[in-house]
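Below are structures written as structure tokens.
One chain, chain A, links the two complexes that follow: it is found with chain B in the first and with chain C in the second.
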Partner chain A sequence: MSRNLILRESQIMKVHYITGVAALFVVAVHILMRLVVPYGSSLEYDHVIFNYHNIFYAVLLEVILVLVSIHGFNGLRVILLELRQSTRWENSVTAATIIAMIGLVIYGTRTIIIANGLGT
Partner chain B sequence: MGVLEQKNNRNNREGFLGWLDPTRYGWERFSYWAQRLTGVFLLVYFVGHVYETSSLTSGKDAWNAMLELTQTVWGHLFLIMVIGTSTFHSVNGIRLIFTELGKGLGKPGRPDYPYYPSSLNRRQRSGIWIALILAAIAMLYGSNVLFSGE
Partner chain C sequence: MSGADERKITLKVFRANTARSKNTYFELCDVPVQRWTTVLDGLLYAKCFIDPSIGIRYSCRMASCGSCGMKINGIPRLACYTKMSELGGSEVICEPLPNFPIIRDLVTDFSQFFEHHKRVQPYILNQDNHQTDAESSDHRQSPEEVDRFLQFSYCIKCGLCYSACPTVATDLKFPGPQTLGQLYRYYADSRDGGGKDRLNMVDDRHGIWRCHFAGSCSKVCPKGVDPALGIQLLKSYMLGISKNRGK
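Right, the complex of A and B next:
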């Protein structure tokens, strides 16, 4: 049963390419939203919190967080798998990168949720 | 010089240092290393950025304290590096996706001297150059925004 749940490397690479291209678009929107106001004022606390209160922007940040985490940690996994080949190494690297990815998504989501509720 | 002597003659081998010498890299190998190096650098930046942004949850003072650390000349130079590496990684990544799909690879042919690989043709080399040029332009634009504060 567990065998059926594991993606083939070719499928994982498709996910890698799709998350990469999708991240490119959402990160571009994220940067553009910073550039519509002067750079200095875009970093002011009140302005940043105001942005987080916008539910669409909060969802955009969550999408960026998930896409870049999947793409980044899978990229790291691919690099590490190129260094050595053994079942134990491959399983360890895969497990470590998945745990790190989930940890980062949880940590980032916490920031988005708390900042979304600040000052309301 | 006998065959055995030739086998044991290691004077012409550069070992690890030769492996690190980028001057003899082909464009494909340069692109391979640059894609991985920029990817790891961007992942480190992303983790740092998520941590940096989490200071929002501790209030205005914590956010301003974090900004004091990052909004410096060195912080700006680091961000310019992020802009350059992310642009290169994105554009070169798109080239690699097309390559994976078999686009722009050229047709296979009989290997004739001097054995230029048909896969590394003008289109592929142009893709790498375009990635480098766009990264440089993005870095110039980023420097202008960061150092002028506009």
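Right, the complex of A and C next:
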């Protein structure tokens, strides 16, 4: 049986469950904040930029980004692991999902920083 | 078999001989049925009076040995424990257990199933088993301690849960519900000293976490064992939600 080098599968799944439950809460807060103003106008350009300039909202988006990326990419890893049973495939899938997760978090964080105006 | 309430049911028996050819087909056998006739009785009638070449594995005829597992009308069941009259309809379809390689007809290969089972050391691990005197040599257990694992010790290793498991169907490295249920049976036993090492046996990429909790394993068990419960209890111990008393 193949072992994970850094974390045991139970530790990975613990992170998976915690990020899943935590994401439910922060996404709920995110949706409730959208409903503070009429839903249609909340998606207008000026309103979206205004939200990004609110530091609390920017932090909330960053938290959602990190939680959903970890939970989502680990879920994808779990699905792909079942497709084939070879150590090479398992290691490739694990490496690819970790790289994709880090890439998405970096790209998303960059977007949040630019829209927030912290970079200027 | 004779009597006033006797009727005939058609057995559709899966036929295959993988050593000779890849062709498979169903053989139709009309067998007499009474209220108490089991599928195994019907198959043995067909083997005696219609086609002696039908391959079946069976032994005890009383749901104790777990040899006659097969897919009957689409559901994994023991042929000796399934009455034809209770299935309804005029046709009973007998196929080999899914998730097992076919040897011939209804006989499947259990090698991999038993390999998974052996890997979790399905016996009491106890280094402190020194028998000094009659008083201390007993591993006494309270009724509560026995209750924690008793239902899991009823497993007869028939493989029905393994054949019903959707994860086993896609992931051959997954130990399967029978193995995981037995792992829980020994982990929960107060006489066992395996402790965390037992949990580590199935804590890997193709281990216990690949269970999707479909629950079909518990549904098909002919002995009333609930492997899905054992798997969830093991997960709770691994996550630290539950603590195994005394370990």
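Quick note on the criterion: the second predicted complex is superposed on the first by the 112 of 120 C-alpha atoms of A that agree within 3 Å, B and C clash if a C-alpha of one lies under 4 Å from a C-alpha of the other, contacts with A are read in each partner's own complex, and residues count from 1 in each chain.
Here is the rule we go by: contacts are C-beta pairs under 8 Å (C-beta built on N, C-alpha and C of every residue); 3 or more make two chains touch, one makes a residue touch a chain.
Just so it is clear, the structure is predicted and the values come from calculations on it, not from any experiment.
When both complexes are overlaid on chain A, the residue A:36 reaches neither chain B nor chain C.
By the touch criterion stated above, A:9 is placed in contact with chain C alone, chain B being left untouched.
Residue contacts after overlaying the shared chain place A:55 against neither chain B nor chain C. More residues of chain A are in touch with B than with the other of chain B and chain C.
Chain A residues in contact with chain B (one complex) as well as with chain C (other complex) are 13, 17.
By the touch rule above, chain A contacts chain B in their complex via residues 13, 17, 20-21, 24, 27, 35, 38-40, 43, 45, 48-49, 52, 65, 68-69, 72-73, 75-76, 79, 104, 107-108, 110-111, 114-115, 118. Those residues of chain B lying in contact with chain A across their complex are 36, 39-40, 42-43, 46-47, 50-51, 53-54, 56-57, 60, 63-64, 67, 71, 86, 90, 93-94, 97, 100, 145-146, 149-150. For chain A in complex with chain C, the touching residues are 1-4, 8-10, 12-14, 17, 78, 81-83, 85, 90. Residues of chain C that touch chain A in their complex: 119, 167, 170-173, 199-200, 203-207, 209-210, 238-239.
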